[in-house]
Amino acid sequence: MDAESYTDRELMVAAAAREIDDGDVAFVGMRLPLIAFQVAVSTHAPDAISVFESGVVRDDPASDFLHTMCDLPNLDRALSTTSMIDIMSRLQRGEIDVGFLGGAEIDRYGNLNTTRVTSRSREIRLPGSGGACDIACLSQRTVVLMAHEPRRFVERVTYNTSPGHGAGGDWRARESVAGGGPETLVTTKATFGFDHDGELYVKSLHPGVNLAEIADDFPWDLKTAAEVTDDPIGRTEPPSVDVLELIREFDPNGFWTR
Amino acid sequence: MDAESYTDRELMVAAAAREIDDGDVAFVGMRLPLIAFQVAVSTHAPDAISVFESGVVRDDPASDFLHTMCDLPNLDRALSTTSMIDIMSRLQRGEIDVGFLGGAEIDRYGNLNTTRVTSRSREIRLPGSGGACDIACLSQRTVVLMAHEPRRFVERVTYNTSPGHGAGGDWRARESVAGGGPETLVTTKATFGFDHDGELYVKSLHPGVNLAEIADDFPWDLKTAAEVTDDPIGRTEPPSVDVLELIREFDPNGFWTR
Amino acid sequence: MPQSKVTDLSAAVGRIEPGSAVAMGLALEHAIPFAAGHELIRQETDELTLIGPISDLLFDQLVAADLVDRVRAAWVGNVSSGTGYNFRRAVEDGGLSVENHSNFSIALSLKAGAMGVPYLPTRSLLGSDIFEENDRFREAEDPYSGDRLALVPAIRPDWTVVHVQRASPYGDAHFWGNSGVAFEAVDAADDTLIVAEEIVEPDVIKSDPSRTAITRDSVTAVAEVPFGAHPAPLAGRYNRDNEFYLDYADETNDELGTIAWLNEWVRGVPDREAYMEKIDRDLHVSEPTVAAEVEYGR
Amino acid sequence: MPQSKVTDLSAAVGRIEPGSAVAMGLALEHAIPFAAGHELIRQETDELTLIGPISDLLFDQLVAADLVDRVRAAWVGNVSSGTGYNFRRAVEDGGLSVENHSNFSIALSLKAGAMGVPYLPTRSLLGSDIFEENDRFREAEDPYSGDRLALVPAIRPDWTVVHVQRASPYGDAHFWGNSGVAFEAVDAADDTLIVAEEIVEPDVIKSDPSRTAITRDSVTAVAEVPFGAHPAPLAGRYNRDNEFYLDYADETNDELGTIAWLNEWVRGVPDREAYMEKIDRDLHVSEPTVAAEVEYGR
């Protein structure tokens, strides 16, 4: 294993894992968050538990690689294998501390689209929400993971599958959207926060990335930490050797992370 | 065992058992209906199943005497031991063919009171509805079992715990009460039906009982089968030897039936 | 390592403050947490609101001990004999407020709390005086069909107390046999006390995750109390002690008898162990049915 | 004796008429009734409405076979690779109508059907275009708090098809592992087809009634089909065949490839036995975890 070289996705997993606090109940979806939870509970968050919309509740990493949340290693020695209504009711009761989301598009206020996009005036159908809309509406906070591709950053999503901060300001309260909305976006190039108005700003750049390189990827004037907080733009901490080892244990063939 | 002599309650159980058709899903409450279902499924209704609000579903008699629906013999080798919401949802979906009810008071239109009665101007608190209100509202039909005591027959119940035919006529439809309402009342002296207007009428007298003897028990002019149908008042069939044997097998010490 | 929530029953019940709204006796005649109820009596935790569908004796005992201001239930009595004399006396004397429910309406109240919604709609209740007398139940028109419906608002107990066969020290619990509204009440409550027949290694729970009825995130305290449901039955463990219910009915028909009963069976008994020695009856399951094998694995 | 409902899968699926609304693939990636889906394709049962939360390939295959008019789902694709190419093509070409749901809204739709109420309220959906674009979802004011809520109307499928580990000939079934919305869909449906890994004696089911997920009164037909969920996993029996999902993605990127795939894996295969011979992979659970013992009895 070469700890000096890691993939963008490995970095995203490491960054996502840090967003799970110890004791959190984390709503884990497909792909990278599956691994991020396993890393978090193996390192700084031993008391975190994960819930999956399929009905699975776990307090530890699965015993083998997971293609999906329903692979048998995720069911085996789970705390509970129950129903979707059970899991979604925890979400609706406000008991999910952090939920993970992805998207084909994200806009200035963290709204996400996984339903349909337009490419060269042709409409492209995407798979749809899954549980994303529910997680976006009802989690105490959400963390978004996305490949850093300019076409994904839009002023306003074509279709608002998973509400973020809407049109900004007190939009969530006005629209009765219960949860806290997006708190962090991790792309393959940087980590972003959302300011008091719910607008995206760049918080830290991943190693080797500079601001000029990504600013043009956004069709609006991208805010930075320097404008929003007193802190300058940071440098995203690379994954530690221990964390990389764990990622490669949980995804031994790099199916999701390479 | 003396098949010639049987108790009033044994007769009621036998009559109640006859109200369960083969293939029925029967909502069984406490006491006598517990035994009636066991008799029915052992005789003419082998394909009937019973559901209990506690969460029990059975297709056969319990292996031992039951004081309550939750005694272990009723849970042991049940088809399902589930939740109340599961059972009540079957009721609300309209899938319960017949439900059993009792009451401290019944009125002209089959409304039942198990909440509070007035005795010599003093209010007496009774245990309450349990599932009776739900069974009364939502079963396709209900069968009421009551000791034949004049104080129980009232023009209008003091408190309508379990709606019958309300004020008569199309009251249930007007009030959006979903199920079919009471079809039969079995007392210790006679069996009653309800006419097209929802009013109680005497259908058959138990062996040894004559009409004059019971007519005064009702504070209104009691209708009879002769007025409602073309049939004369019948004579309730006494329990057969086989049925009595079963009742005494299911209630060996006569806890409920003697 | 997750934190152990194991404590003795007395300390666990001590966390339930006077004035609390407590849901208990939720699996109907099955698995009633009598040991916890008796501890409430010994600790004189008063001004309680009790929540449950039917309460086979337990509510009557807490009312007898004068600890209850309000009952929100469908049925309060003694299933073996009918009347709960102390409940009846307290209501008739005006000292106890009752919110009358049907079993389904209390189930839906707790389910609404469990689902995190303010109410659930139902076709039950309509036409009854339970509906008419309580303005918490609202009439609504179904916007799709125009049908008349009843709305049942959520109940969110401060505490839910349940008795289960086995739990891990972290509060993950297996339960089998009929559950009534027990787990809806756990999900709806702010705090849950699990009284377990047996505390087991976490691996036992994890060997059968579809048997898990409660996960740790809902649980405040876990106490191990063998026979903690007596005289109620517990599936696979012990049968109902019907004689006990009949004796209670005989002995609590008046206030003096009730005081004597409470002194003998609750106040004069330090804990469940002493209580079961006093009972001295063998109620264990004598003809076990072993559940068919189930495997998980990978 | 109750009536046996056992029939072969072909006859059972033959009872599903063209034009039916069918809920299947309800436990998410787990226990997907692929065998029944393939039988629908062989029988060319068309004009279907498909209902489910996410459909890991199954809906894409039925769409590929041009049997589907409408999908009511939260997600349609291939969890291993992302896109379901046939679903995507059909929608983009305008030949397939989609009612967009979230997982929770499809779950609540089926739960409302299961509970026998016209709708259930939720705090989800609000603010999303899923809510805005569909006038079946209604806005409501909570009469208790004034809060804004969304109402999700009931869905009552004509048929629900589920795959379970074991069922009795009468239709009482045990299931373990995560269930998604499978049993809500069974309760909501007019008819249910159980595809069972194994048909067992009724006594096996009755040995563990808290494991029972379906009782006979909901069931129309029972078919025994070992490996009937492949390539989906089934708890305790076989793992997910990820290669199969990836191969499908590779081979169905265009219409010709799709036709070839359907001919090879569905139309050219008479039944599941032949299909599994063709798969020739050992997916059995190799390291079983045995569930802790449970007893009932008296």
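By letter and in written order, the chains are A, B, C and D; residue numbering begins at 1 in each of them.
Criterion: contacts are C-beta pairs under 8 Å (C-beta built on N, C-alpha and C of every residue); 3 or more make two chains touch, one makes a residue touch a chain.
If you want to know which protein each chain is, UniProt gives these names: A, B = CoA-transferase subunit beta; C, D = CoA transferase subunit A.
Remember, predicted model here, so these are calculated numbers, not experimental data.
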{"item": "Touching chain B (CoA-transferase subunit beta) and also chain D (CoA transferase subunit A), the following chains", "value": "C"}
{"item": "Pair with more cross-chain C-beta pairs in contact, given B-C and A-C", "value": "B-C"}
{"item": "Chain whose Cα centroid lies at the greatest distance from that of chain D (CoA transferase subunit A)", "value": "B"}
{"item": "Distance between the centres, which are taken as Cα means, of chain D (CoA transferase subunit A) and chain C (CoA transferase subunit A), whole angstrom", "value": "36"}
{"item": "Distance between the centres, which are taken as Cα means, of chain C (CoA transferase subunit A) and chain B (CoA-transferase subunit beta), whole angstrom", "value": "28"}
{"item": "Euclidean distance of C-alpha centroids - chain A (CoA-transferase subunit beta) vs chain B (CoA-transferase subunit beta), Å", "value": "58"}
{"item": "Gap in Å, rounded to a whole number, between the CA centres of chain C (CoA transferase subunit A) and chain A (CoA-transferase subunit beta)", "value": "40"}
{"item": "Touching two or more other chains - residue numbers and ranges from chain A (CoA-transferase subunit beta)", "value": "56, 72, 75-77, 81-82, 85, 91-92"}
{"item": "Junction residues of chain D (CoA transferase subunit A), two or more chains touched", "value": "116-117, 122-123, 147, 149, 176-177, 205, 207, 210, 235, 239, 285, 289, 296-298"}
{"item": "Topology of the chain contact graph, where touching chains are joined (line, ring, star, complete, other)", "value": "other"}
{"item": "All chain pairs that touch each other", "value": "A-C, A-D, B-C, B-D, C-D"}
{"item": "Complex interface listing, chain C (CoA transferase subunit A) residues touching chain B (CoA-transferase subunit beta)", "value": "27-30, 53-54, 56, 73-77, 79-80, 82-84, 87-88, 91-92, 98, 100-105, 107-108, 111, 122-130, 132, 147-149, 176-184, 232-233, 235, 239-240, 242, 245, 285, 289"}
{"item": "Residues of chain D (CoA transferase subunit A) defined as touching chain B (CoA-transferase subunit beta) within the complex", "value": "1-3, 114-117, 170, 172, 187, 203, 205-207, 209-210, 212, 215-217, 296-298"}
{"item": "Residues of chain B (CoA-transferase subunit beta) defined as touching chain C (CoA transferase subunit A) within the complex", "value": "30, 52-56, 67-72, 75-77, 81-85, 88, 91-92, 115, 122-134, 136-138, 159-163, 166, 171-172, 175-178"}
{"item": "Contact footprint of chain C (CoA transferase subunit A) on chain D (CoA transferase subunit A) as seen in their complex", "value": "116-123, 138, 140, 142-145, 147, 149, 151, 153, 174-177, 200, 204-205, 207-208, 210-211, 235-236, 239, 285-298"}
{"item": "Contacting residues of chain A (CoA-transferase subunit beta) [partner chain C (CoA transferase subunit A), same complex]", "value": "25, 46-47, 49, 56-57, 59, 63-64, 72-73, 75-82, 85, 89-95"}
